[in-house]
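In what follows, chain A forms one complex with chain B and a second complex with chain C.
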Partner chain A sequence: MNTPDPQSSPRLRLSRRSRATRGLLWGSLAIVLLVLPNLVDPYVDLQITLIIVFAVAIRGLDIVTGLAGQVSLAQSAFFGIGAYAGAYCVDRDWSAPVGFVAAVVVSALVGAAIAVPAVRLRGVAFGMVTIALPVLAVPLAVRLRSITGGSEGRSVPTITAPTWTGLADDQWHYYLVLVIGTVVFVLIHNMLNGRVGRALTMVRTNEILATSLGIPVQRYKIFAFTVAAACGGIAGWLYLIPMGFVTPDALKFTLSISILLALVIGGLRSALGCVLGAAFYVLVPNVTDSSQPGRSLLYFGAAVLLVLIFLPDGIAGAIRSVLRQFVPASWNGGATSRHTNGPTDSRTAQPEPPTASTVSTHTPTEGDAP
Partner chain B sequence: MQALQQVTDGIVAGSIYGALALSLVLVYRTTGLVNFAQGQMAVVSVYLAWTFLDLGMPTAVAILLTLAASLVIGALTERVLIRRFERRDPLIAIIVTVGILTFGNGLIVYIWGAALKPFASVFGGHDFAAGSVRFTANDLGTVLVLIAVVVVLQALFQFTRAGLAMRAVADNPESSALSGLPIGRLLMAGWALAALVGAIAGVLIAPKVSLQPDMLDTVLVYALAAAVVGGLDSPVGAVVAAWILGVAQNLAGTYISFIGNDLDIIVPLTIMVLVLLVRPQGLFGRKEVERV
Partner chain C sequence: MKRSATGFPPAKRRVAVGALVAASLLLAACGRSSNQASDRDPGITDTTIKIGSSLPLSGGLAAAGQATQAAIGAYFASVNKDGGVKMGDGHTRKIKFVAYDDGYDPAKAVQNYQRLVSQDKVFALFSTFGTAPNLAIGKLANKDKIPQAYVHAGDAILNDRTKTPWTSGSYPTYESEGEAYAKYLVSQNKPLTVAVLRQNDTLGTAYLDGLKKGIDGSQVKIVKTTTYVPSDSTVDSQISALAQTKADVLYMAVALPGLMIGGIQHAKTLGWDPQTFLVSITSDIDLVIKNGGLTGLTKMYSDTYIKAADDPQWQDDPAVKKYLERTKSFPKAKGDGFNAEVAYMQAEMFVSALQQTKKPTRQAFRDALDSNNDTKAVDVLLPGVTFDASRSKTEPPIHGLVVTHYEGGSWKKVADCVGC
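What follows is the complex of A and B.
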């Protein structure tokens, strides 16, 4: 992995012009996303809705893997738990917000329960403990028929658009998922651009130094894993909105693997990367599996290996470096707001060393939330 | 005497986990990595064996060819892919192995298709009974082959120059390089050897589960558990742990009604978590001490 060279990344101020450029970019993206459902057919709506759903799950994993530096293969379990919690609440005739809270709370609790023993291990062992969760969850979901509906899973009635909106159901689903997904991304962005993001970066890059500086390493890892679990749960709940069903397949660790690979293909430590990875995950099987189911795995594996060899920062990283070639003037490299002290400040949570620290100290809402 | 039967079945199952756990340990000892693709590489080997047998080759020739091909697959994987990521961020190296796992699965679907293929035991189809305990020739062969593999590996590491060199590289790559050991070739040898042992595991289990692209996914989880419980750097530990897990799983699945056959995977995973909590270096592993 390419960690930024401390020499080239002092704290830099994001110039007004570049801030305006960024605002313009995200503003136009927001407008495109808002008007899109009126221009395309329901199938495209569904695809974009699913991309947002999986982007939330991938962003969650990014907190554990990208920020805290631990491989986790448990994300599918949280995705499934969130979906099951939501479906169970619908079955009980509880309102949708109750289902949402249940999805978040249950997946976060399970995440914390796994994280507490797992963080005692450093390095590879953490990933091996997390693999236990999806592997256990699938037979458990088949067994607990009264809650999960057994191997057939659970389905929920289609959410219909309220009449005052004048929207078709698929457009309503799209907007619901878009709004909740955006809120999640903004919240994560704000969280990572402050103390938590810096602490997690420290934990990843130099655990011993982090400990000696008084950062409670294990507590931060548990926290990261719990937030990731909650994001997985939210994604699972969101998945119910367009799809309307959940089966034990949602828990399988093959989904965890796909989420991990999608994250790496899109780019670690980048909101844009998570969205691109989700797009890759959702769209590629449409193209490749039409001739033979399962072939997408070949392209997935090949893509991740090629990306790791040639684009270590993923597609998002490649886009960023291309952009930087064309708009170097928008970065005002001279104005240092504070001097760095050691690797802490130079390697901030954001993938883009020059912008990260300034964004974090001045305008936390601006940045790369969709 | 159902219990005795369960113990026997557990040892047979444990021997399969143990064989794959051994290849995980081999890779860990040489490169310090956990290779999530170990099972998938073995599956590719088994499909090759199926192809050789399908072409009408005698069993012995087909198996020897398969083992040779596995050595090449292992060595090439290390040389072409892993080498780029060694001694750098272990997170990325592990993700690379996950990528290889996915790629291998897709490749098998691409070449051979996803349909089940039957795979006959290389030991023939005889059944034996000792008292009330029944087992097949494949069961007996599995246990004996595993024991042979452990003995050979242990001897290799203890009594040969190559084994000593591999241990040195695993222990301290920099000093080994300075004293003239060919690090790259030794790492390749480690991966080749691991792929060979993995292929043996695959050929042994194939008659039980039939050939399919994800046939070793579950076995990989057991093998990981066994390797962790045994201590990631101990071949003997991995095998003993695999037997313990196999027997515990079979007994619990039979006698604890809540667990049953569908949830028996809970047993090895619980044992793994408990061992990690009490003794993170595993039952037979050495404790890692890091100098600050």
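What follows is the complex of A and C.
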């Protein structure tokens, strides 16, 4: 079919033209995102806002699960903790930035506290330990009525748009969430694009080799888990902006599973994948719901299965392999997942064992499809 | 290696980014044309009126949500078949009813609210289900001034029109139910001990508060309280703990039919035979008593305000006959008879409020909700129970509860109506 292995084209040869095209693409995306809330109704605004909120939570999980390779089912707990911390601060009449800092710090601290003992475990055992957090958090939230408001949760006043903006509330919510979400994504991108990203990839692909290279494996796992927790906390705080309330539902274990599913569906180790996964999580139930309410879960499950069977690399992975057929190699994965295909890429460095994801990324390029 | 993300030289890039931000902000500043205050609100034409709801059509409360949807659909279908509702402004309108599934999740309910209001452009909300979803929706509805008519929940907080003027409750609160039964216990005029099992949330707290209020200063004493959470699969251990007190009365503030049945059966197997109180929402004859094999028990009490369609004593009542006739082609109404009939009652109240709406505006409809006292329009109410929203702004518009005793396959009245 095409070049046998387009991956091998060095990124350094990125042509001026394709760089300009990429700039144009990012520019148009930015314009679309900035103008969008004026073209759509409040419901669509709310949907997009929620997609960004969950994308942040999913991106956090991606660091610990996608990058560091540790399956975590605790993300909903951090999401809920962030939301509760934010709501608690509003209730105390503390300013929004204080609430934000509290959401990040509290969830990161809880994350670190869980991670320190948990990283001694691996794989399934680690996943089991992380389940404990949301399972414990829900009854705790119901009991700690003075902090959490009990089972009916905490309600905060809706943030209204300042009059000078001339915006409706839902538009203002959208911009707030968009700006903070973008900053989080850029920070994570920059962090993963260097030493940390390489180290985490090594931790995932070959722990023994990583240790022998002097990478402090456990410390990196703790770090990844803590950053993931902080992202969960930020997402929880962002969730308060459009929703205006938090109930113990936000802590629920099922939300953790949904976030993990969304990550796998969207595509691991990819910012785009996280956004697509979030979109899947928010939008697909709406579609399945309208066809026959009551069976929406069934259709949602079927949609999940279809994606997992036919797009084992997630939606982002599928887009990547389609792009690979048509555009210069330098585009692979866009700017979003370079850290994974960077120096420690399995196709250039040997040590990665044939995991599901590496096997499947090879299939489309080997051209053995009928 | 470092390079600019866009491929432009840094200076040009700055200009480009600046231009982009400026252009976007300009566009953004245009905002959205705000809703025009007018003599006609969205969702209403000269011939139709569109209303919406958010219900648990999936998940643990799916049967209740689907029954609600079916019964409302049945009533509106029959109204539309007769031409529609003749409203106070002289126009006769057909009702369009849209409902979305929230799975009893307040977050989903908020999305449904936004969808109903901004995409379906409904005139009003109706019979939105459950306390938590209604609280979440109510905040927005009161800000946007959208009528949240006759919520399908019995929490007192949803019945305060001085604080949330756009939210109107419908049936007696859980608290008043507890109080009505407590007064019945007090009226027996002897020392009684009460063991309580309640749901660990506002619903359970409200039932318990009502009980406490009603027995205050009397010979009736609560000796033990245990709780469960809705996700529990059994309440056996709680019942065992309560059975040790050998209390005279078992007060079951249990909202889930399965747990209600299991709890009562377990008390029986333990050889404990107290007077058992079943809260109205889970005392359905078909769904709980027959289905749970409880028909042989003789000391079951409950309370109600409607003529239950599955109760033999009302089989020949014209209102119940009409109800059964209308819901015949809506089989899901049978899935949870009590919730279905309550929703049907709310639909009667709703249509009656529309008839009194003088202008095609939400404000006019709200005024009608506030003043509606047309008891005759709500024919499934028990004799003596009244419908009057104008009586108090902090009470539900339905007034009156009757404590009942299960005997001969029927819930028979044992005390005078409380609050009629």
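By definition in this document, the second predicted complex is superposed on the first by the 294 of 370 C-alpha atoms of A that agree within 3 Å, B and C clash if a C-alpha of one lies under 4 Å from a C-alpha of the other, contacts with A are read in each partner's own complex, and residues count from 1 in each chain.
Definition applied: contacts are C-beta pairs under 8 Å (C-beta built on N, C-alpha and C of every residue); 3 or more make two chains touch, one makes a residue touch a chain.
All of these numbers come straight from a predicted model, not from anything done at the bench.
Visitor: In the overlaid three-chain picture, which partner chain does A:Gly150 touch, first (chain B) or second (chain C), both, or neither?
Guide: Second partner only.
Visitor: Output check: A:Val142 vs chain B and chain C. Expected answer is one of first, second, both, neither. What do you get?
Guide: Touch partners of A:Val142: chain B and chain C.
Visitor: A:Gly301 in the overlay: touching chain B, chain C, both, or neither? Say first, second, both or neither.
Guide: It touches chain B, and chain C stays clear.
Visitor: Per the contact definition in the header, classify A:Val129: touching chain B only (first), chain C only (second), both, or neither.
Guide: first
Visitor: Is A:Gly69 touching the first partner chain B, the second partner chain C, both, or neither of them?
Guide: first
Visitor: So in the superposed three-chain picture, is A:Ala318 touching just chain B, just chain C, both, or none of them (first/second/both/neither)?
Guide: It touches nothing on chain B or chain C.
Visitor: Regarding the shared-chain residue A:Val101, is it in contact with chain B (first), chain C (second), both, or neither?
Guide: Neither chain B nor chain C is touched by A:Val101.
Visitor: Using the superposition on chain A as set up above, list the residues of chain A that contact both chain B and chain C.
Guide: On chain A, the overlap between the chain B and chain C contacts is residues 139, 142, 293-297.
Visitor: Looking at the complex, which residues from chain A come into contact with chain B?
Guide: Going by the criterion above, the answer is residues 1, 65, 69-71, 117, 120-121, 123-125, 127-129, 131-132, 135-136, 139-140, 142-143, 208, 253-254, 257-258, 260-261, 264, 292-302, 304-305, 308-309, 312.
Visitor: Can you name the residues of chain A that touch chain C in the complex?
Guide: 12, 14, 16, 18-23, 26-27, 30-31, 34-35, 37-38, 41-43, 46-47, 50, 139, 142, 150-153, 155, 158, 165-168, 170-171, 175, 242-245, 247, 249-250, 285-286, 289, 293-297, 335
Visitor: Going by the contact rule set out above, which residues of chain C touch chain A in the complex?
Guide: Against chain A, the touching part of chain C is residues 1, 3, 5-8, 13, 16, 20-21, 23-25, 27-32, 34, 57-58, 62, 66, 99-101, 105-108, 110-111, 114-115, 117-119, 131-132, 135-136, 139-140, 143, 200-202, 229.
Visitor: In their shared complex, at which residues does chain B touch chain A?
Guide: Spelled out, the residues of chain B in touch with chain A are 33-34, 81, 84-85, 88-92, 94-96, 98-107, 109-110, 113-114, 213-214, 217-218, 221, 224-225, 228, 232, 262-263, 265-266, 269, 272-273, 276-277, 280, 290, 292.
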